[in-house]
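The block underneath contains the structure these notes are about, expressed in structure tokens.
Chains here go by letter, A, B, C and D, matching the order in which they are written, and residues are numbered from 1 within each.
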Amino acid sequence: MDKNPILRIATKILFAPIILFGLYVQFHGDFGPGGGFQAGVIFASAFILYAIVFGLEKGKELFPLNINLFLLALGGILYGGVGIASMLLGEEFLSYNVLGTSNQAGQHIGILLVEFGVGLTVSNVMIALFYAFADFKRSGETK
Amino acid sequence: MISELIINAFLVSIMLGIGIALLKSRSVIYTVLLTSAYSLVAALMFISLDAVDVAFTEASVGAGISTILFLAAMAFLPREEEKNVTSQVFPAIVCLVLGGILIWCSYDLPQIGLASSPIHQHIAPEYIAGSRNDIGIPNIVTSVLASYRGYDTFGETIVVFTAGIAVLAILKNNKKEVKKLKSKKKVLDNG
Amino acid sequence: MISSSLGVWNYWVVFLLMMIGLFLVIGRKNLLKKIVGLTIFQTSVFLLYITFGKIQGGTAPILNNINDTIYSNPLPHVLILTAIVVGVATTALGLSLVLRINSEYGSIEEDDISAQDLVDYHELIETNKNVSAKFKK
Amino acid sequence: MTDIIIKNLPILVVICPLMMSLIVVLIPYNFLSWVITLSTTFITFIFSLLLYQEVYLHTSISYALGNWAPPLGIEYVIDKVSIVPIIIISLISFITTIFSSKIMPAEINSSSISKVYSLWLLAIAGLIGLVTTGDAFNLFVFLEISSLASVALVAMGGQKDKQGLVAAYNYLVLGAVGATLYVIGVGLLYGITGTLNLADLSKRIAEINDNKALIAGFGFMIIGIMVKAAVFPLHIWLPRAYAYAPSAVSVLLAATATKASLYILARILFSVFDISDTLIINTLQYVILPLSILAMFAGTIMAIFEKDIKRLLAHSSIAQIGYITLAFAIGTKASVAAGFIHLFNHALIKGALFMAITSMSFYINKRITINNLSGLGREMPITFVCFVICSLSLAGIPLTAGFISKLYIIKASISADGIWIAMLILASSALSVVYLWKMIEALWFHEGPKNLLIKENSLVYIPLLIITFLNIYFGLDASLVVNSSFEASEQLLGARK
């Protein structure tokens, strides 16, 4: 598949807009439909498309496995970290009110961070799942 | 309002058709594609039921990523399902009992779209008011998801994380390494 | 009258879809088909929840500045967002297990697998019996 | 700082393992990941002890997550009831983590150890979260965390024996079906009441009378949880999952996994729904009671004819779960208390038995069947003396923890006019001696292989010694367990009667 010029060029053209759309969905989730999950999946789809068209090795060069694993945990840590921060500031777990100057500002900051954490974890898990499934072939073949 | 219900009834009938096709199909790729179509129709149905966020997620997760995973897995799996040899009477009875109970209780379920039923009166109005006043975010689903029930979402992030780690741990084990490990271990042969 | 019977039709089809999903899970012997069934089963449950959340004449729960707007119930939407992601997590884990089972057993049919397991189990008991008999003298 | 900790204790017992699981996965050194896991489980145990103290000061703690007052937000409820399973899970997970230090690297290849410890912590956190939550849907989320993590842990057994994969698959599919049935039940109840908070739900259910959807919702919730709790005949996933999991995982799951679900079962039966309601009384009397009695005998008889030891112990677990549900089904305060006592004691007993048997597989690279147990008692005296003590405890011999729980179950059933139930319990206990004796006989009275030179590893047997000591200690001085259980059942049933 990596020989087909139409697919390669189409992928190169599409890659950036998909990421951009992912970012839009991520940060526009407060105002319209969207949020961390959807954005995470869209992000992941860009990298999966790249890996499908250019091959898994190229995909891994673009997005290495160890960074993938790190970000995968980081999303959850970010989410939990927001909760722990609010706990340290004297409120209950995940009460965002204390994070900002006013209650509403705190809620905004909290929701933004939390959604970002969700997006990070979801996108990286999806990429990791795809890598793991696509990679399975090779460990099967060497047997 | 009738038109909405007709659209719903139409979509749900398509889903029923896909479901029956799934029962009959023996080819794996056909099954996977039908599942994807099923999710897509479900997403349409969610839109017509006002659940835009859910529709978005179902379309991207259910019809998108799930299908990619199914297809990626299918590359290594047999293409055809073998004919069942054993009897399917017992599972069929279980399903019929389940469906029977649900249909039996469906008359006591709130009528679809009735604004006076407790589900719409009890907590939901507080979320709608709170989203405007306490949180200040137009998308109520986001404010409930991330703030009111933020802990559920945290749990869900953890579920996704768990699945990711689990799949990595399950698929990444090389047979060779296990064998090396076994020989390294103190092997006490009884024979 | 029409609206209520259409509504009941809606419920009933959702229940039928659940039955189809559950039947695929417990009635089929193909491991991949079981996971497909699970997806169908779960998606039908999502439909049930979202159906509960609908209000007649309502709109999507995104605030606008028009007064007297009726919003559909956002809570079921939130729950189902969670459940969808849980569902895909289950699917992914199930698929990874199916892949490994296929590479170990060479089949994803339940009957084949349990037949192989039974042979292994008897072998295990038999070989060990001989071993201990040797030691007992 | 301390007041922050005290204030947030209900969430800390869950968050601590949950957050650390995210960190452990990034640790490249296996030993370090074990150390972190061990300290996390230890801290969790300390937190749960502090929580125990707090609960007995305040009788019930409600913790509103995100500071949204329930039923708007999610609520954590710790009372004298839920503290029992929290203590069980955190205690057993700590002891089992010590046990896993040597066993885990022997069975799982080194590249996945840190992931396995991450899943290990996730399973523990999921179970504790399941118990602490006061929200019906949050319960589902934590149910899924714990079951996905346990499935993955069971699947790790597939590195040694391919049957582990099938066991994990069946566990996953049946667990998912159970969870989905539970979600249907919650959905139906939510549809008619409009709330997800368990306390609010029970208030609103009391106002509704004669609604078919209520009955159906109750039924689906109960069936879903019964799948997870492996109540007969929905137990079919359990024997294989326990038998083919890696050793340490078998111990953890056998001792904790079904306990949390059993607690949820009790909680839904008694505190969400009204125990004096005919629906509940009928369910207890005509569904759960007969199923429990069947479980007691079916599990024991399956165990008698089983040759694979881990499977044998798993079958015996089904019988023991039968005792617990039987105690719940009798439905008096004394019997529910007896159920909680057995919940605790069975975790200790089955944990110890699995630990003894699986520590053998550390020395002998084979599946353990009744035949290759021959003569090992003298080769591994420490391990198998502990095994014998805990077997006696399982059979219910005086001076052991198992005796106390049997005593209270029988006492409760007699006082509830169920002499025949007491007779059945005694009969099933007598049958359980058959399979226990079969193992003990093989261990101590059969001639064994001569060329074995086993040196028992201290890190493997110390946790076993601890847990055996607890078995004896709670057999001699059961006041702590008995009092906590009676307080728990008082709180669970007292409010409604």
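The definition used in the following text is that contacts are C-beta pairs under 8 Å (C-beta built on N, C-alpha and C of every residue); 3 or more make two chains touch, one makes a residue touch a chain.
Predicted model, so just to flag it, every value in this text is computed and none were measured.
For the pairs B-C and B-D, the larger set of C-beta contacts lies at B-C.
Subunit B and subunit C have CA centres that are 7 Å apart.
Between subunit B and subunit D, the centres computed from C-alpha atoms are 28 Å apart.
Note on chain placement: the centre of subunit A and the centre of subunit D lie 35 Å apart, centres being C-alpha means. In whole angstrom, the spacing between the mean C-alpha positions of subunit A and subunit B is 20. Of all residues in subunit B, those touching 2 or more other chains are 52-53, 57, 61, 65, 69, 73, 76, 102, 106-107, 109-110, 119-120, 123-124, 127, 138-139, 141, 145, 147, 149-153, 155-156, 158-168, 170-172, 174, 190, listed in ascending order. Counting only residues that touch two or more partner chains, subunit A has 31-33, 37, 69, 72-73, 76, 80, 83, 93-94, 96, 122, 129, 132-133, 136, 140, 143. Touching two or more other chains at once are residues 18, 22, 26, 52, 60, 62, 75-76, 79, 81-82, 84-86, 89-90, 92-93, 95-100, 103, 128, 131-132, 135 of subunit C. Because contacts link each chain to all the remaining chains, their graph is best described as complete. Against subunit B, in their complex, subunit A makes its touches with residues 25, 29-35, 37-38, 41-42, 44-45, 48, 69, 72-73, 75-76, 79-80, 83, 93-94, 96, 103-104, 107-108, 110-111, 114-115, 117-118, 121-122, 124-126, 128-130, 132-137, 139-140, 142-143. Within the complex formed with subunit A, the subunit D residues making contact are 4, 8, 11, 15, 18-19, 22-23, 25-26, 63-68. Against subunit C, in their complex, subunit D makes its touches with residues 137, 140-141, 144, 148, 151-152, 155, 158, 162-163, 165-166, 168-169, 172-173, 176-177, 180, 183-184, 187, 190-191, 196, 307-308, 366-367, 369, 371-372, 374-375, 446-450. The touching residues of subunit B, counted against subunit C in their complex, run 1-2, 4-6, 8-9, 12-13, 15-16, 19-20, 22-23, 28, 31-32, 35, 38-39, 42, 45-46, 49-54, 57-58, 61-62, 65-66, 69-70, 73-74, 76-78, 81-82, 84-86, 88, 91-92, 94-96, 98-99, 102-103, 106-107, 109-115, 119-120, 123-124, 127-128, 131-132, 138-141, 144-145, 149, 152-153, 155-156, 159-160, 162-164, 166-167, 170-171, 190-191.
If you check the complex, the residues on subunit C that touch subunit B are 2-4, 6-24, 26-30, 32-33, 36-37, 39-40, 43, 46-47, 50-64, 70-82, 84-93, 95-100, 102-103, 107-109, 111, 128, 131-132, 134-135.
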